[in-house]
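Take a look at the structures listed below.
Each of the next two complexes has chain A plus one other chain: chain B in the first, chain C in the second.
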Partner chain A sequence: MSTSNLPAETIQVPQLASGLLVWRRQLMVIFRIEFGKAMFSRRAFSCYALISMPIILMLAVAFDESRDGSNAFATIESARRIFGYIFSALIIATVLFLGNAAIFTTLFRGEMLDRSIHYYLLTPVRREVLVIGKYLAGLGAAFVLFGLCTLICFLLLYVPFGVEQFITDLSNGIVTQQLGLYLGIVVLGSMGYGAVFMATGLLFKNPLIPIIVVAGWEMLHFLLPPALKIFSIIYYIQGLLPIPMDQGPLAVIAAPPPLWISIAGMFGLSAFTVAISVLVLKRLEIRYTDE
Partner chain B sequence: MNKAEILESKLGEKNIVLHDLSKFYGDVLGVNRIGLEIEPGITGLVGPNGAGKSTLMNVIAGLIAPTRGELKVLGVSPSQTEKFFGQLGYCTQYDSFPAGINGYDFICNTLLIHGYDRKVAKKLTSQTLGQVSLTEAAMRSVDSYSKGMRQRIKLAQAICHQPNVLILDEPLNGLDPMARAQVIELFRDFADSGKTILISSQILHEVDLISDRVVLLNSGYLVAEGDLTNIQSETGEPMKIFIRSSHASAIAAQVFEFEHVVEAQMHYDGEGLFIRSTNADAFFLAFNGLVVDKGWAIESMGPADETIEAIYQHLIVETQVAT
Partner chain C sequence: MAIFQKAYQGYSGPLTKPMDRTWVIFRYALADVFQSRLFLAFFAVCFLLPILLMCFLYLFYNLEFLIEMDVDLEELTEIDGNFFLLAMQYPQNFMLFVMIMAIGPAMISPDIRNNAMPLFLSRPINKASYILGKLLVLLVLGSLISWVPALPLFFWQGYLAGGGWLGDNLHLIVASVVTSMAWILSLSLLSFAVSAWVEWKTVARLAFFGILFFSSIFGGVVTEIFGGWGGYMVNIYAGIEVIMRELYRADSNLLDWMADMQIGYALLQFFLLSVISLFVLTRRIRAFQVVS
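Entry: the complex of A and B
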């Protein structure tokens, strides 16, 4: 033991604040830690791989068109439509779904597998604060990753048409309106999928099977009767899409919900599922031998 | 008030209270019907593998819920999360850490989650890392730490918020002798300031050295608890006493007149003898009178086997062999 390791002077610890101030501090710390893990840990690699898919696709389409002049993006309207399809089919159905599964299922399950969740549970943090802190951190990371992906893809849409077209659409409000809707969908989708997958990670030792079940439910939602469609996240999202989603010839058509129902429904679903996670966490017992 | 006086004034307080506490994992018994009241000071938790030590510690630390019974730490139950975990520190047996974290952030984050502001958390982090001799390695990833360093950083995480009750599951594992001595001194300081430590270890002589009291568990049941002398007398096992005197032969001839003396054996140098008595208190009383009557010079006298190891041997190992 070296002399530099001698104990520091004992300090007087001030009385801990209580109530809202502490909860806010705890929430911010948990958010910072978990956001860092979701963005920069090894677990985040799968998300980076996912978001690169639509970007590469958009790059290929945009630059291919500009090279040989055969128009995949013949007009700005068709380009917006193609982007709408890519957003529905690739960004929502694949990137947002799988990305949120990767981020949110590991919030608790990952730490159980690492055998490090007990460090959180040994601190005087209310389980509600812990769940909300982790959820918001996951949501923050999801928005940064998938929002950035959406933004880049949307901007790539303008490559064949040049800056002038972009400035015209910006001044007409088309860019802000459409981009706002797409980013709003990313937030709402992440809220819904995130809450479901966080609960899944707490409830199931192997979340893969429930993820597949949820994926099946979401993929087949267009075949469901209207009474069951309301239990599907995609149902709330599709009403917000600037370019309506192509549901295929077999779809049971139901009118998409109004905007306020989409937003309120997603908030309600998220709050309900986050509350379930709190209840599960409160009953959680640390027995890593089971993992 | 000095440390000894603080501890003295705190004795009698029941900081950890378990009432008829049981934990079952399905049909498998963890611990059964444990009733315990643990005072300030150091209490050693001893038992063979599978005795239920870690289960009991996990229950007391609020990581698992008892199947039956009640638990209070400083009058607070684990369901009162903020109060309960604010006054309790737990160094678990799990040798795992958040991925990629360094020692400093590990402790600082723990304190921030406790609710301390950043300035206080930083000061406490530096202080705690100093206490466990990890100041120099603070910025290294915990993944690169040796076993002993990982043990010390876990200990730092348990003590950094200066809890009143400290639960330590095999805290001396992996420590070199110097670190061991330093950590034991830390425990002693902690206990002397009126706080409560519950410590489990397989290294019996170390528990023996540092514990004020012991709790013996076997197969999920509480076998014995209290200070070593009480346990020894409660076991009914003859107590071994060593007497060093130049009159050892004469003493040996006389002590057989006491009905509770079952054995007397001369020390190889002829200047001492071992006596086995079924009633140590009665022996000491009668022997004092004999010494005064005969005018013998007694150089020293004391229990020769009043150690956890001896009690453990009698209560647990011999019972297991017998069954």
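Entry: the complex of A and C
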């Protein structure tokens, strides 16, 4: 019997779930694809190279012994201070900044260069879902990579002092408090930089110039008056450091923002730039010959 | 005769000189660079600095002008290595960095991405000719905005100052040429190495900037923790500052920060960077490509 002879009512109409359920499912799919790309594609190599540097440095410091047998980590306090310096100068200022630039600018610009963005644009997915899915995937990958880097570096701090010191600090709550703050800084920094770089990747054909401008602004933030400091991401996250760093004699001192302002600031920035990205993507007409 | 019976026979006619073939690569690469109007504008702007410095030197030695402007002659600074280092070499290094970042990472990657390397290397052009042809573009353009305009500036200063100034400051000519060439050569090879491994021009530029940005901060952190000069070895900015300070015979306290490293190590740093970049670059430039 041919199928044309079947009664019409037996043909199954696909069950379409309501909006929220579809969006959630689409979000999960986009998240899974983009998270995999950010973590395991060839492009992720730069991020792995970046996070290996502070780990190598911490390994060198932890296992460094001078001729008299002393270590750069003379005491646990100096070890925490050195880690704080490495975290502030290396992990935040370069690894987090450049790593987020690499992850988030390629979310859209990378797809355009690879000539694959039209696959997304042709699917029945709302642009809002696409932007949020990609942003969350980038954020997840950034947190896994840079959080892991922070965690490993923090644990290496205890190498010269042994497990006893680690257990003592853990029971005193020092480890949980400091590690929690460092990881929180990684999340907030990734949120802020990620949002900016995702929008940058959408707005500019060559995102290098805006990245250099943002890098210059962030590097010179210590010279800025307090009224302008609020426009730099580093101002919100540096205030959360458990061990504040000396910013040099030329620095313009400003009171660090309260914790809730730092968190609200980064969430606000993320929401704002994600909204901008949605607006840009809604008007986007891709012509690969222009890229 | 059927086509399959025609065996391959190598070309036995006269060949051009190897350098002539390099110039072909150079000519086409140069034409590509000047297709960008933005680069053309930037290149023209780079010549403003020596012109402005020439005007400054003219006014500096114009007594009537100085008296008219109520300038205290006792307070005038001396025109020496410190002056040329701060007013000329530093801005030139910055312009060279911008120029190389703009064109260097975009020179090799399109040829590799579009599978053009077998087409180049199947002709009587070898890897060295190809790299040299591309490198010459950056060397020539970089020289034109750095040490080439510096030479007339030194002669102009020598003419205006008189009294054997030029004879006493001949080291400035060497300083300008060596500093500029070390900077151009090492950055160019690094940008080519990045360009050969990164598929897209934009990403290659970003990677080039990231490597220099990261190495300078990483070197600073290593120096801060361990002390000594080991950290400076990965910081290319520290290396060029040491070379400039030594060759220009500048005051050590001229800037608030100067790397405490011997010039031999700084030169070794540039040599190593160039050799590593060249090694990485030659690994990617092959006469065959796997087309995916």
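By our rule, the second predicted complex is superposed on the first by the 274 of 291 C-alpha atoms of A that agree within 3 Å, B and C clash if a C-alpha of one lies under 4 Å from a C-alpha of the other, contacts with A are read in each partner's own complex, and residues count from 1 in each chain.
Here is the rule we use: a contact is a pair of C-beta atoms (placed from the backbone, for glycine too) under 8 Å apart; a residue touches a chain by one contact, two chains touch by 3 or more.
Quick caveat, the model's predicted, so the values are computed rather than measured.
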First (chain B), second (chain C), both or neither: which does A:227 touch?
neither
Looking at the overlay, does A:253 come into contact with chain B only (first), chain C only (second), both, or neither?
neither
Contacts for A:212 in the overlay, against chain B (first) and chain C (second): which applies, first, second, both or neither?
second
Thinking of the overlay built on chain A, is A:61 touched by chain B (first), by chain C (second), by both, or by neither?
second
Applying the document's definition of touch, where does A:94 land relative to chain B and chain C: first, second, both, or neither?
second
Touched partner set for A:20, first chain B, second chain C, both or neither
neither
Using the superposition on chain A described above, determine whether A:53 touches chain B (first), chain C (second), both, or neither.
second
Chain B or chain C, by number of chain A residues touched:
B
What is the contact status of A:116 with respect to chain B (first) and chain C (second): first, second, both, or neither?
first
Using the touch definition from the top, list the residues of chain A that touch chain B in their complex.
1-2, 4-11, 13-14, 16-18, 22, 25-26, 29-30, 33, 37, 41-42, 111, 114-116, 118-127, 283, 285-288
Note which residues of chain C are touching chain A in the complex, please.
101, 200, 202-203, 205-207, 209-210, 213-214, 217-218, 220-222, 224-226
Touch list for chain A against partner chain C, complex
43, 46, 50, 53, 57, 60-61, 64, 72, 82, 85-86, 89-90, 93-94, 98, 101-102, 105-106, 109-110, 113, 205-208, 211-212, 215
Please give the residue numbers of chain B that touch chain A in the complex, ascending.
25, 58, 61-65, 81-86, 88-90, 92, 94, 96-100, 109-110, 112-117, 120, 123-124, 126-127, 129-131, 133-136, 157, 161-162, 178-179, 182
